[in-house]
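Next, two complexes with chain A in common: one pairs it with chain B, the other with chain C.
Let's turn to the complex of A and B:
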């Protein structure tokens, strides 16, 4: 295939997913902030009848931020950077363009249906797999279309070597495809029972311990292949591109990739420590979780070393700030996770607030920071306008960093306090505290978490405003910036 | 030997196989670069030089013209 100077990258689909990332990010974080406030102030459960209770909104929060915000961010960045690292435009193939738009249309239908059905209370009652069977089928179609687009783009590429980011996106595609199918195997009861009951209801094909194992094989790998793998793919592209520095060690990126692929799949059973799954499997989950530090830190350190000799950019460019802090939070989170997966630590940590604390230093500090930085980087190239306000990004950065620190520190204290109080026994072996004693003690920390939610959400609104102003009324650029994103 | 024990040994065996494969890959990466057969580090430039009309960093399959030596 010959180069064509008149040819341009086509960002139509990337733009569409950027819009949904902003929309779902706001909705998901708004619900998250509300449910955090409900835990501190229970009367907030009664604002909207059955639709406003914690139990109804909590799965909605996780699903909207994962499958709405994060997955939109993944698709937006994929449709942007895959073209660039493969040196091929979506406009070169009508088929690829059609499939990309079809995928977005179906995604929008599925995501909207997800919000409506979960708000109505339809759920498979499996964590991160709440969507009922009709939606699962639709998601399989969406995912397959993504695969078709991905491999079609790879098929017509000019750049023969696949850049490391593409490996991570391929892994995201394959990992989720395999695990999603296995975990969502279910029988729709309406058809099995000859027309009795709700058409939306289904039961899992697995039961008991097996169901739990398959569920956490998926559950933990949703963290792996949605919250980690594609986000690492993003930082391997956006940090070098924004800073103008090639990745510090390409070989280390390859090693970390295969190490992560090898280890991550087997760590899921750490969610089932001290349960009825075989003991060797629990031990395996623990060991693989600890080994996970190596490939995770391999990528994170590679990113920090990419900035070697260029640390001045950290003060000059707020997008570099976002990405370097994202990488640092990735390191924190991937050290904390293995610590929690050690059996003796898990005996205290399990079921406590330390767990959502751990999740959120990862998803807020790593995933959300990286997606927002990626979208900021893409905006001047997609919309051909400079970023609306640098000072707004700076303010957003400090507000959200404060929010993340408040979130995880309050949950560390709350979780360990909770775990210790649950286990405390007096000299006769009786439990020293009742459950409500822990609730009373934890109230201030729940209030701090709710405050951190308000701060993070406010930062997200600043991000959304900055993006919308960038799209609509910022200064028009005459040529595409090479590295550093221009901002007013 | 019950099925659970068998599963445990199978898991250990697979772990060892994959560890050997991973370390083998590391050795391969460094050795092939030392021998001059591969240059992995130049691939990092794919992210930096990503204009649609810029020259590809790596063309592992030689272009037809290059095959004929008529570049």
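Let's turn to the complex of A and C:
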């Protein structure tokens, strides 16, 4: 083993992505709160004219929180922890440093262009793949640069064995690359039609049922490789680091990783149950969704057992709270998903608000909690200052936890209510409710969901404030903290 | 083996890729050709309908409306015959949606009229009291992008052999020659509408978005392959 005492890690790029994670997190959640409120109070649709309707803003919300906030969080944590687990510094190679900065610059261009084009209404209308072809090309470049940085760092590493977190980041890189390329296969019509029409427009290479299959193979696995895989990579690094505990079981992490890789991709067709996709594919999607509980719970249990004998830290350290609750929400979400993928349950749940409810216990309770905990852990090490306020983190934790609980409980009730009302028949077998009855009944739940949005957004503002204070005016640290992040 | 893989990142990456690529091959490829086939007699969307589909995409109707009727009695009672794979053969992209904040639209052309849509897009609560859908008044003044819709028809005709006529050809000249046909179709719809701005625009040779959108909505359903249904 080489001594790494003299190794000074370079956090330039990690810091840049930390800033964008905070910025896009705020913007994305603000839009989310607005559109949640629009469903309860439709007058709010007219704040920005054509650009402010629920329908135009909804993909902007999903794209900004996914590609703005979450992906920034993934890159920020990657540029921080990859150096540390590989025992190399970005500063050791001018080339790697340049590529890292270039990747960030292009990312900022792409993210800005994404917001503008989607507001203008340029869209492929495929969920989580709305961006039109010029942006798709730019994203491919950004992704390839990330791959180059990753494998260049791996190439000059001092620690020979790849730590678990790196497995997940490599998988994130490969999985998204494969899925993104295939799902976005499209022909730009301007060129194919000899210079007629808009240069932005393209037409999908797949049609109808095939397009649906490819899209949900992507849509479901974007969840896998953006919302799950790198986030699991994060918790495998940050929880042991913050708690000073070794990962509970290496074998369990092996089983969970390879199991997740193999099983996840099969489950995409559970988004298409009862559709025109062949029955055997639907059944495969359904079965593999249930099997998926194993590797998902494997990781979560591995993390919870890492805290074995050290549960007192849960009361002492709010970052441990965030991470333990994150893995708990991960368990909830990965149990709920397979339940919804059972065909008879899906018949009621599909197309209802139970689905966004399920998504949000995952993305708020698991993804956002984990990213914020990771960034809090990184802050004292990157900025060499202690975290500005512990009590603010505590308050943020309880506020946001309340928000998540309000979100999914209200959407469970809304979804099941609506699903049951759609199919309710009277004694003669006639439908009991017109469609609008099933909309107006949801008003109270939509109002609760909007409130939950306000609470979560408020918590996020507290997070942003705490981070900015930590960067600028908190007490300076003379040496790097080993485990528990110092906080005032 | 796993220890060895963890020390050899290249083979590790190859291993991961094989494991994740496997499912896609098994689930997507076998049925690919069959799922591309249209139902008998299905006609492709007209250029005006394609322009309307672009309005549908631009204002992102799929955020709240599905186009997929599932094979349950409650759904066929409400929306009509359940959806068939072959009905989507010319849908690029598919627009099934994943959320029904509003009702399904796959057969909306079978039971709603131009007049109803005009009132609904101008003020949803005027025809559906209690509706939470926003009004889309900007569609009455924004002009639809017919050139791009035409370019799409050319592209799918040449790339995927979608059965369009010989008058759909690449190039600006061919488009100029085709334009009057689109306008003629738009005029038929505008004749059934009452909004004065829309009527004036169409008379002046411009097609507002709402006209194209209504053409598209009217085409949804069984009329594109079954003449008796309308």
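Operating definition for what follows: the second predicted complex is superposed on the first by the 481 of 488 C-alpha atoms of A that agree within 3 Å, B and C clash if a C-alpha of one lies under 4 Å from a C-alpha of the other, contacts with A are read in each partner's own complex, and residues count from 1 in each chain.
Everything that follows uses one rule, which is that a contact is a pair of C-beta atoms (placed from the backbone, for glycine too) under 8 Å apart; a residue touches a chain by one contact, two chains touch by 3 or more.
The structure presented is a predicted model; accordingly, all values stated were derived computationally and were not measured.
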So, does A:385 touch the first partner chain B, the second partner chain C, both, or neither?
neither
Which chain, chain B or chain C, is in touch with more residues of chain A?
C
Of the two partner chains, chain B (first) and chain C (second), which one does A:209 touch, if any: first, second, both, or neither?
second
State whether A:236 touches chain B only (first), chain C only (second), both chains, or neither.
first
Just chain B (first), just chain C (second), both, or neither: which does A:9 touch?
first
Given the touch rule stated above, what does A:246 touch, chain B (first), chain C (second), both, or neither?
first
Check the residue A:85 against both partner chains and state whether it touches chain B (first), chain C (second), both, or neither.
first
Going by the contact rule set out at the top, does A:278 touch chain B (first), chain C (second), both, or neither?
both
When the two structures are overlaid on chain A, which partner does A:360 contact: first (chain B), second (chain C), both, or neither?
neither
Does the superposition put A:377 against chain B (first), chain C (second), both, or neither?
neither
Taking the two structures together, which residues of chain A meet both chain B and chain C?
160-161, 254, 258, 262, 266, 278, 281, 284
Chain A residues touching chain C - in the complex, by the definition given at the top:
38-39, 42, 45-46, 49-50, 53-56, 58-59, 121-127, 151, 154, 160-162, 167, 170-171, 174-175, 178, 182, 187, 189-190, 192-198, 201, 203-215, 217, 254, 258, 261-262, 264-266, 268-269, 271, 274-278, 281, 284-285, 288, 347, 350-353, 355-356, 422-425, 430-431, 435-436, 439-440
Could you please specify the touching residues of chain C with respect to chain A in the complex?
2-3, 6-7, 9, 12-13, 16-17, 19-24, 27-28, 31-32, 35-36, 54, 57-64, 66, 68, 70-72, 74-75, 77-78, 83-85, 87-103, 128-136, 138, 142, 145, 147-152, 154-156, 158-160, 170-172, 174-175
Any idea which chain A residues touch chain B in the complex?
3-5, 7-9, 83-85, 87-89, 158-161, 163-165, 236-237, 240-241, 244, 246-247, 249-251, 254-255, 258-259, 262, 266, 278, 280-281, 284, 483
Tell me, which parts of chain B touch chain A in their complex?
4, 7-8, 11, 18, 22, 25-26, 29-30, 33, 40-48, 50-54, 56-61
